[in-house]
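We call the chains A, B, C, D, E and F, going by the order they appear; numbering starts again at 1 in every chain.
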Amino acid sequence: MKLQDATWQDVEGFRRDCVVLIPTGSLEQHGPHLPLFTDSLIVTAVAEAVEARLTESVILIPTLWLGASGHHLRFPGSLSSDFDSYMGEIQSCVESLLPHGFHKFYILNGHGGNREPNGIAARRLKEAHLQATIGQSAYFDFVKTVISDTLEGPLKEMRHACEAETSLMLYLHPDLVRTGKLRDDGLASDPAVAGMVHHFDEITEQGSYGYATLATAEKGERIFDAAVKQVTQEIDRVANGYFLRGL
Amino acid sequence: MKLQDATWQDVEGFRRDCVVLIPTGSLEQHGPHLPLFTDSLIVTAVAEAVEARLTESVILIPTLWLGASGHHLRFPGSLSSDFDSYMGEIQSCVESLLPHGFHKFYILNGHGGNREPNGIAARRLKEAHLQATIGQSAYFDFVKTVISDTLEGPLKEMRHACEAETSLMLYLHPDLVRTGKLRDDGLASDPAVAGMVHHFDEITEQGSYGYATLATAEKGERIFDAAVKQVTQEIDRVANGYFLRGL
Amino acid sequence: MKLQDATWQDVEGFRRDCVVLIPTGSLEQHGPHLPLFTDSLIVTAVAEAVEARLTESVILIPTLWLGASGHHLRFPGSLSSDFDSYMGEIQSCVESLLPHGFHKFYILNGHGGNREPNGIAARRLKEAHLQATIGQSAYFDFVKTVISDTLEGPLKEMRHACEAETSLMLYLHPDLVRTGKLRDDGLASDPAVAGMVHHFDEITEQGSYGYATLATAEKGERIFDAAVKQVTQEIDRVANGYFLRGL
Amino acid sequence: MKLQDATWQDVEGFRRDCVVLIPTGSLEQHGPHLPLFTDSLIVTAVAEAVEARLTESVILIPTLWLGASGHHLRFPGSLSSDFDSYMGEIQSCVESLLPHGFHKFYILNGHGGNREPNGIAARRLKEAHLQATIGQSAYFDFVKTVISDTLEGPLKEMRHACEAETSLMLYLHPDLVRTGKLRDDGLASDPAVAGMVHHFDEITEQGSYGYATLATAEKGERIFDAAVKQVTQEIDRVANGYFLRGL
Amino acid sequence: MKLQDATWQDVEGFRRDCVVLIPTGSLEQHGPHLPLFTDSLIVTAVAEAVEARLTESVILIPTLWLGASGHHLRFPGSLSSDFDSYMGEIQSCVESLLPHGFHKFYILNGHGGNREPNGIAARRLKEAHLQATIGQSAYFDFVKTVISDTLEGPLKEMRHACEAETSLMLYLHPDLVRTGKLRDDGLASDPAVAGMVHHFDEITEQGSYGYATLATAEKGERIFDAAVKQVTQEIDRVANGYFLRGL
Amino acid sequence: MKLQDATWQDVEGFRRDCVVLIPTGSLEQHGPHLPLFTDSLIVTAVAEAVEARLTESVILIPTLWLGASGHHLRFPGSLSSDFDSYMGEIQSCVESLLPHGFHKFYILNGHGGNREPNGIAARRLKEAHLQATIGQSAYFDFVKTVISDTLEGPLKEMRHACEAETSLMLYLHPDLVRTGKLRDDGLASDPAVAGMVHHFDEITEQGSYGYATLATAEKGERIFDAAVKQVTQEIDRVANGYFLRGL
């Protein structure tokens, strides 16, 4: 069920062990070639495809599109929520539905910068509602191997406006990709250091990180289909229950 | 310009005296006949029509769809943001763009429950950024007379899932209106009292307030066109400047 | 009952269905002719007159005089609470009395800038205490017609240190009015725009808005008496109960 | 200067090295014999007497009457602000005046429960405004010796609705004292423990702590006059400057 | 029991009427002769000695070493927690243990700047958990007379890096005292004013306040032993119960 | 430099391009065999060893031992900070030192539950202080391969009170390990789901997760030495600078 199109009576009649699916995106710079809404567009497409496959066991809410993007703010057009408001919106969605008996929630993320606040929001919810079932992950975390296998450039994982993300956009929204502006970009520390907090105006020249020039719609389709398949399996398992067994 | 489709380089090239238009909606019960997303759908339609008419002087951001809807929460499916997060998201949008020179912002509201937090968000922004230009109003506040003239039922103003709102949805999204479930609803205090905070489960039977059975697509078109015209005029004036003159 | 003069044993003996009346004012510039405490003085006078008429069904708390006045801060002497503290004080008053069985509260406002935070405070209280009865309005909202009929200048509504407010002060506290400094003031946008957030140093020359030179004590008395009568009727109805009936 | 009666032009003309005097009180149970407003009444009387003696070097703001009184809430009628809002209001008053050049502030307290939040508010202000002069103390801390010398009962210091406080009220507001209900009250730990946080329903029978039956107006006058004298001296020194010299 | 060395099964087996002892210190400048950790070192030593004497009736948690030290921040190396986080950590410790049945808590302070936030934290906890037993005091408040009797300099009370504190460090951690840098320091207001908030860069030359040159290990031992004895007695009484009796 | 032992004059003399090292631990259940302070003990040992190797380029602050451990709270003795206070303390440490010219900070984590709040704290700091250098990582993230190579049980990564963590404690603090209580523990979802937020009372029987029975001091030494070496290298690079070069 897409919540936005339902009436309250539709929701009243829905099964209570369904999974409320909460997509989180961003509106932030994605280099010279991708639109600001890239993350929101991709995660929405994944979430809608999952809902289409599991329409009886999913309540899909609209994408929370305003992400935590402080590291992109030096590029004009990027919008970033303060962390507290961002987390508060996720918690508000969950706590609006809990009193009506819905008790399974999954935050499906499409933007790396949301990872930490999604984690804290989910933990706060679990601590406050011990009996609730709460999960959260990014769509691209479900398909790390597929991404690694698909990409041709030396970076074998999802980065930012990279070969993978550009491919997904070429598949899903080719009209929004400025193909004339594709370029490889990104700086690495030398010697290597780990865990440094760098903003994208420090580690890129024009905002993207990776090998966008290698992107193709075919790669995007392959990653997208795999993500939909894996997320669908996950949500189905959460909806239908799983056991905790000894290691 | 629709911000979501732009790249950061597009934004970089945009005129700084344009108006950043921030639509605010809700996802909340709208009686048995209208979908939960009604407010967000209407305000988005108005905002997009305005942007289409003023594309060189408007930056339209995506609708902040999660509203302040605590008074609807007893109806399942309604989502309500806590007030702080709701206001924080508006402020975050504005404060993401201010450092890049954009300095005119207009919050266009589509949900009565957002009126007070929109007002406080706008005032906080103005107090913190004295040189900025900040405005906020609901689209239906621009067309009170048209609404009053158009409606046939005894309630001559915009209420909730009422003759006016249902008409707008019949015009904009007829497929989402459950025409078989239209009904008049709403309770009034007797004797009359003013300013009481009532939740919609207290003052309605099934969630709508007004004479939905009188709604028609034609009324919706009339209200919509008037709203687009008036909001367009407003935004154009904000973009192109206005003077303050003695009374 | 005036709460400030009571002992806890007096309160212990009071009827639980009385209305706790919470006046909210301000201490802010009111032009060259009115004292900073104008809003607090007027709303306190109204509230005390109401309490005198309904002493068995009202608990009057002292006026929360520190208002939300950020739009006046450029004039020296104005004090403005941050919004959170302002709302927190209202909520604290209510939540101090709720555990003792008092469950009807009415916030009587005397300052336009408090309207939005009063609204949010009332809504937060209602959401947290679903069985409580909460109302809020400004005293001048009860007498819009009387104000419109009484004023001679072209502005037919309550503004700031205007014909109406100055009249009220001439009636209630003539010694505090600097009659030698009365002047008309105020700027309007041209062409007209709606909903813009302007500070009073932007839209006035010396801080007042309206036709103060037309003020008289007689007009003040008329408005005051009408306000006391209407607010008394309202509070009486809230104390003695009202029904919700179909439209 | 009493700020409440002034216009903004009066304030504009005032000397910037005056001391802004901020009285803090409470509205809380004071046993069966004293009104809820006792603390606010006394501290206001002291502050007004000080202002009368130093009218050219003091800006007296109205008493912040809603105190931190959580330890009295089990007695009906007591109102307690949450700590954050309470501190926020003090900080708001100061930060409203700082931009106009006023830079000396003194928080004059009349309620023991405000001591800690007054301290933190003052420290936060000093940390944020290093060049400002901030002080805070209770009026009764200035006259410990006088209190000790004046009281006849075994408790030789200011407690709650005690011999001292009741005497002050008999002097200042005899009409508000229920002389027929005077009683000694209060429990002490046995064996003695230090620093325990006890609420007044735990450590008293009817809310007062001390020997109220020994109170007289004469004792009240003596304490009051001494407090006014000492606080006046303090404020005068703050206004006119003092040096920091080696021990 | 030292909580840090215990397992959860050890805690599971512990008596529920024991006192959870929460030491609070600081890391802040202590003049040229004492290390930044002085307060934390001393209060930890007192707390550990108390725990050693009352091991069956105390749960000692590790020292909350990051104090409220904003008044020392102009000296490099001082760390100061914002007040909210500082208080939140104390409250978090208590609220982690309350659900397991532990209900007696004592905050043992070693830093003057923590006094007010410790007081508010304790009051918030008591207001939220009415049945809990909460106490808080500084170790040096238990031995005011001993300190006064022991010190030879004109300042007869605990100040900052003074004769008393330096003596304690000479006794407990002589290796950390820079004896070559001992000096007397501190400025007093002339004429005397009370309650002014001064930072240590305003009222000292090099950060200490008092007569450090008079410090000896023997004085430190005397103060330390007395503090341990008195705090032990206090905690024992809290653990084993006390009565509240009429004055 | 160990900050706790230094005086402010020592800090005054220290080089400004050193790295301020902030260890973060926890006090939480670690199964029946490890003490509550396990995470804090290990990360402190690593941090102190790093400081010993880089004493001229590191300022080591004391371990922030109170972690974010809500998922362990059902086991008695676990203490968990609320997230806001936890993050606030990290930010406070950094913002106390920034005004004195120190501008490189590294948060060294020893507890998985701190990962997300450490990340947000670091990002907030970077957003507020664009020129600062901020890094954060867990000590065990530096030695994933060593851990994987060292462990004999089927779990090849750091979990909780597992083969790796128990080995580290057997090496560092063998006296604190209850060797008689070692046991394997932990439940896995079947079928597998990703990203679910489970508390440790849900996914373990007695609180540990992994193959503690396989732990040895030799394995602990190997992991510890590798971690110290790698973290030392990292901190040295941060202190002495690194470049950002094209991919």
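One rule holds in what follows: a contact is a pair of C-beta atoms (placed from the backbone, for glycine too) under 8 Å apart; a residue touches a chain by one contact, two chains touch by 3 or more.
Every value quoted in this text rests on a predicted model; they were computed, and no experiment measured them.
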item	value
For subunit C and subunit D, chains touching each	none
Topological distance between subunit B and subunit F, in contact steps	2
Inter-copy rotation, subunit A to subunit B, in degrees (Cα atoms; steps of 5)	180
Whole-Å gap separating subunit A and subunit C, where each centre is the average of the chain's CA atoms	48
Centre distance in Å when subunit E and subunit F are each reduced to the mean of their C-alpha atoms	28
Distance between chain centroids, defined by C-alpha means - subunit A, subunit D (Å)	55
Where subunit A touches two or more other chains at once, by residue number	73
Residue ranges of subunit F in contact with subunit A within the complex	68, 70-71, 73, 83, 106, 115-117, 119-120, 122-127, 130, 133-137, 141-142, 154-155, 184, 186-199, 202-203, 210, 234, 237-238, 242-247
Of all residues in subunit C, those that touch subunit D in their complex	3-12, 27, 29-37, 40, 61-62, 64-66, 73, 75-82, 84-89, 91-93, 96-97, 99-100, 176, 178, 181, 207
